[in-house]
Each structure stands twice: as structure tokens, then as C-alpha cells.
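Labels run A, B, C and D following the written order; every chain starts at residue 1.
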Amino acid sequence: MFVLVNLKAYDCDPVAVAAAAADVAEETGARIAVAPQAARLGAVAATGVETWAQHVSPVAHGSHTGSTHADAVATTGAVGTLLNHSEKRLKLADIDAGLDAADAANLETVVCANNPDQIAAATALGPDAVAVEPPELIGGDESVATADPDIVRDAVDAAGEVDGDVDVFCGAGIATGEDVAAARDLGADGVLLASGVALADDPEAVLRDLVDPL
Amino acid sequence: MFVLVNLKAYDCDPVAVAAAAADVAEETGARIAVAPQAARLGAVAATGVETWAQHVSPVAHGSHTGSTHADAVATTGAVGTLLNHSEKRLKLADIDAGLDAADAANLETVVCANNPDQIAAATALGPDAVAVEPPELIGGDESVATADPDIVRDAVDAAGEVDGDVDVFCGAGIATGEDVAAARDLGADGVLLASGVALADDPEAVLRDLVDPL
Amino acid sequence: MFVLVNLKAYDCDPVAVAAAAADVAEETGARIAVAPQAARLGAVAATGVETWAQHVSPVAHGSHTGSTHADAVATTGAVGTLLNHSEKRLKLADIDAGLDAADAANLETVVCANNPDQIAAATALGPDAVAVEPPELIGGDESVATADPDIVRDAVDAAGEVDGDVDVFCGAGIATGEDVAAARDLGADGVLLASGVALADDPEAVLRDLVDPL
Amino acid sequence: MFVLVNLKAYDCDPVAVAAAAADVAEETGARIAVAPQAARLGAVAATGVETWAQHVSPVAHGSHTGSTHADAVATTGAVGTLLNHSEKRLKLADIDAGLDAADAANLETVVCANNPDQIAAATALGPDAVAVEPPELIGGDESVATADPDIVRDAVDAAGEVDGDVDVFCGAGIATGEDVAAARDLGADGVLLASGVALADDPEAVLRDLVDPL
């Protein structure tokens, strides 16, 4: 199981969360990555944690002011990127081009989507993984794996029918090790987390609990 | 073969083009549809031609100022809609929701895309048809079916692998009956046309030539 | 006072609302316009009511699939358009280009904005009118003119400092003749209405009440 | 005169350009800033050069995946940001909210625009400066100050009529010290540069020439 902690634009210390994640990953052998704001990628990567971007732009080098260029991301030490998160929905053509940009910079890719149909569509574009996050559960108190287990199963099936080599993650409301285990039991290869870790009083304790069942 | 004439925002008389298309369709038995500006759907439908929208918004009834609501489109007599044309690229989630909106209004749907990967993705969303239009050939002098036959074949294959019930159209540079026949021979179920008809001195003559080989 | 009824994508009969508005306008001499979906502009204009678009695209004639071209709008009989409604926010450059497109088609223009600073900005672009609609009051039960009279006064002042020839409208929560009178007393030259008329059991009665104090 | 070097997504070494700019600024006393990709802000700021962002998102802290949060930008040592560059055009409401976000993070702001009307609109939103860049001259061989001096004069006048405290910059095609002097003589308070410095064989030599007349 891959545990990806998305720090969004939260009012948190990304370096402190990253250091906690690096410690837990090293001690437990779990794979934990942290995705901070683009401006903080270098500081996060310097902690030694596996570092991901929250987004890269669907562009090659050139006149693209205000873009998040995949090469600039990779130069900081980041090794992967989310694409099409529900808070940064992209045009279909731009997901495709964003995957090309990420591939060119040797970044791993996870394309997010709302439902199994969109998961199938995202899988057809050839990312390393897809992630299903029902918008109505994001930021909520109940884990997708218990609130809507069918959507996880259906997403796993939908991706598998298109391309069995693409991993499937799930996210929304995941907060505990039980939630992670439930996601795994539904066929997920990883989980996306956000406020449950980023805004916790003790992110390290939360992360230890999260990876405990793995 | 389905011949869909997209009038875009061209400086043409949509009613005259529609009347010509209605005549040619009736005389030849070919299936020809015309897609005008939303504001002209009613006037075009009144000619008796099969009428399509160029786009519908991914929304249900409600507070959506400036949207193109599928029900309003259907009320004019239109029976189908393009989605995700290269000049109106949509977010993946909005193609999905646009298909839902079109279905609820009983509109047929064609989702456009740039390349075979995106065609596979679009097919996974369950439209009636997908259409491949290489952006670099749109508006050009050479037909996609002769300039890049592989992209048509690959699109047909890519769609077929995901869902064999989804038709595949192609577009870009199609101007003559030979182009239409070439597209058909590559496996396409229809063609998208635009300036070749809309801006022709004699749209009726162009349409007769286009459907002649069918 | 100008009363502009925005039908958005509401589940209502735009022709029935338009006919009611035409009757009330004729009997009372009040200026009432109706803004339906683009696809219904022709049907609404046929009632004889002053007809407005909810949006026009910032483009000239050409390859703009899915756009709402100002000329197509004007051809239906519509005489004006909203731009930058809070449900269709536009880029600054596109408001500017949308005004050019509307002017070229002889459409009157009202540019909407959230607050007095944005009203000043919109006024600087030279529309016929600007309209302030606080987003938090849209669709609510209380009129902007009573819930936040200062924003109306400040918008009138802000527009006046930039260009005294630009009219100022207000909208959000306006439902009664008293609300319209209050808006007028704050310096507004018109009001924007939506669900209060469009979704009323008896739109004609609501409109009569609205223009009664004028 | 303020010289702001926008590195866009160019294939250049931002740290090398920044170090050159820091050297020239220190030796000559000229004010030179460098705006790299968000992911490289920290590395650029570490050279000691005045560092700017190319964009900040119109959001406060919260669930905004893939945003460029002003606080994250400021934490890297950056002190200012562009907004609404022609390659990152923003909705009017988002320029306004982006200025609020930048102000909250104590970032200086320059809002870009195409023409004098939009410059007046941008000025009304209260940034520290506005910058006029005619899109047709960007990336070209001729300086805006010689190719279209009237647009610079008109922008200076348009901004001055709305708010005399807002500085006016210009950009597009500026490559030499003569161009900078010409911009100054037209009333500009600063210039935006990009490829002329970023892609130069010897950025330091170009910068020395640029600030030589100041």
C-alpha cells in the first residue's frame, strides 16, 4: 500500500509533516509520500521523504508563465505528481498532455477521478495509477472504504478492464489504520490522505496508526 | 455514414446551409445533420434537417447563467450534441456530466478527442460515438483520412477495445466524397465537416459530392 | 429603472415568462427584459418582450465551436447581453473582448461584478451598465438593497468615479416592488432578478408588484 | 526603473540567471528581480536576488490542491508576484481575490493587461503596479516602447486617471538598455523581460546593458 499525503494549501508546516513521514516510513518500511505546495517541494524533499507534486502543467518548456513545469518539479527532488485532483480538475486533453510532461521528467503519475467511468477513462490514458475520490466524501468524517465500498470495488474493476497494469488508489475520509486496511481489502493499491494528517496535532502518531496494519 | 456539419461561429447563413442539407438528405437518403450556434437551433430545426448542438453544459436545471442547458437545446428540436470539440475542450468530469445531461434530454452524443488514447478514454464514458480530430489537421487542406490514416485506424481500434458499441467518427480536412469514402474504408462510422460546407459558395453541391459515394 | 429577468437554466417555461413580462411592460410602461437560455432567444423574442442574452463569447466570426456568438444572438432579435455573471465569471481580457463582440452586434451590455472594486474595474471597460451582486446574497431571501445597502451605494460611487455615463444595476434577493424602490433610492438604475420571477407560481403577478412603485 | 525578469517555463538555469541578476543589481544599484517557476522560488531566493512569483492563486489556506498559495510563496523568500500575465489570464474576480491573497502574505503585486482599458480596470483593483504587454509583441524582436509607444503612454494615462499611486510597467520585446530608457521616457516605472535575459548566452551581460542607462 502506498500512502500519499496531500498537504493542499493547508495552514500547516510542510517540513514538519514531511520529517514525521520520513521517520515513520524509515522505521516501518511503509511507502509514504508527501505532496506539498510547489513552492515547498525542495524543502520537503530535503527531509528525505518521498516527495510528490500536487499538479504539473500540460506543457513542455517555453512561454508558460505561472505554469508548474514538470522539469522544475523534478529538479527539486520530487518523484511523482497527482493530476486531475477534484480541486484541480483538468481538461481530458490536458490530463493526456500532463502525463506526457510528467513522463518526460520521469515523474510517477496518479490521475484522480470521481467515479468508476472516469476511472476507466483515466486508466486509458496510461498513468502509473488512478485514484477514485467521491467528491461528496472528501473532507468528511467517514472513510470512502466504509461509506461507499462499492465505488472502490467498481473502480478497481473498471481500471482492471482497461489496463491491469495501472494501480488503483482511493481517497476521501481516510483517517485510521483500519480505513487503510479496509481500502486494501477492497483491492486498492494505495490511499490518498490530506487533512487527517496535515492538520493533525501529531501527524507522526496519525501516520504510525495509518501504516500499522500494513 | 453519418455526416455532421459543424457551423461553428462562421459568418454563414445557418438556415440556408440547413435547407440545403435537408434537401440532399431527403433526395439521397444520406444521414446529414447540421450543428449551428445554440441561438440558431430553432431556426435550423425548422428546416427539417437533423439538428445538433455544438455543446451542452454539464449541468442540470438550476442557477447556471450562460450555460447551454440540454433541455433547452432539445426543446428547439435538436436531437444530438457534440461534446469536447477541440475548440471547446472540457474537463474529464464535465464530459462525464455533459453526457449525463445530454442523456437526460434524449440527445445523441459525440465526444471529440485528439488522439487514440483520448478516444479510448472518451469511449469509456459511454457516449453514442467518439470523433477523432487531429488538431494540427483541423481547417487544413488535406483530409485526415489521407494525411494520417493510421490515426483513424488506431482510433477505431482503441474505441473497439473499450466498447464495441460506440461509433467512431473522424474529422479534419474532409472536403470531398472521396475523403468520406476513405474514412469509411478506414472503419469510421461518420465524418465531421465544418468550413468545407459552411463557407462553400454552394453548400448543396458540396454536400451532394460528399454523400455521392455512400 | 430597468428590470432584467435572468431565467438561468431554470426549469421554467421561458415563453410564458416572456409573454407575462411583455404584457406587464406594455400595460405599465416599465422597462422589463427577459434573458433566457441562448437556445430559446428566438422563441422569447417572438413574444415581443425585450430580449437579452445571458452571455456572449469574446470572439469574432470563425472557428469557435460551442461559443455564443454575439451576431447569432442579435439575429434572434435579442438586444442586449449580460457578461461576467457570478455563475459565468470571465477573464478580464474576455470581458473586454466580449464587450467588443457585443458592440459589433449592437447589443447593450451589463457587466456583473462582486463588489465595488470590481465594479470600478468593470466600469473602466466601458459597458453600458454594471451590476453589483454580492455572491453571498444571490438566491437568498433578503434583498441586497436591505441586507447590504452600502454595497449598492459604494458600487454607484465607484462606477461614478470612473465613468459617470455607465449605469449601475444591483441584484441578489430582489423579490418585491419595495426592494426595487429601495434599490432605486440607493442610486441604482436597474435591478437583476431571477428565481423570484422565473420560478414564481404567477410570474405576471410578481412582475406587476415589482414595477408598481416605479 | 524596476527590471523584472520572468523565467516562465524556459529551459534555462534559474539559479544561474538569479546569481547574475544579484551581481548586477548589487554592483549597479539597479532594482532587478527574477521570477522563476514556483518550484524554484527557494533556490532563486537563496542567491540573494529579489525574487518574485509568476502567479499566486486567489485562495486563502484550505483545500486547494494544485494551487500556488501566497503564503507558501512568501515562505520561500519571494517578495512579490505577477498576476494575470497574458499566459495566465485570470477571471476579474480572481485578480481581485489574488490581490487579497498576495496582500495577506505581504507580497508586492503587478497585474498585467493587454491594453489601456484593461490597465484602467486592473488599476481600479488596487495593485502596487500594472503592466501593459500587447500580446502581439510578446516574444517579438521589437520593443513595445518603439513598436507601439502610444500604448505605453495611454496605459500610463489610463492608470493615472484611476489611481495615481499605482506604478505602470511595460513589457514585450524589450532587449536593450535603449529599450529600457525609451520605456522610462514614456512614463513607465519598470519593465518586464523574459526570453531576452532568460535564454541569453550571457544573461549577466544582457542585464548590465539593460540597466546601463538607469
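The rule we apply is simple: a contact is a pair of C-beta atoms (placed from the backbone, for glycine too) under 8 Å apart; a residue touches a chain by one contact, two chains touch by 3 or more.
Since the model is a prediction, treat every value here as computed from it, not as a measurement.
The fewest steps needed to get from chain B to chain D, moving only between touching chains, is 2. Because chain A and chain D carry the same sequence, their contact can be compared by residue number, and over half of the numbers here are used by both.
When chain centres are defined as mean Cα coordinates, B lies farthest from chain D. Averaged Cα coordinates give chain A a centre that lies 33 Å from the centre of chain D.
Taking each chain's centre as the mean of its C-alpha atoms, chain C lies 36 Å from chain D.
Counting partner chains per residue, chain C shows two or more touched chains at residues 86. By the definition given earlier, chain contacts exist for A-B, A-D, B-C, C-D. Across the interface of their complex, chain C is touched by residues 6, 8-11, 14, 36-43, 53-55, 57, 59-69, 71-73, 75-76, 78, 82, 85-88, 138-139, 194-195 of chain B. Here chain A touches chain B in the complex through residues 84, 86, 89-96, 113-115, 117-118, 120-126, 158, 162, going by the rule given at the top.
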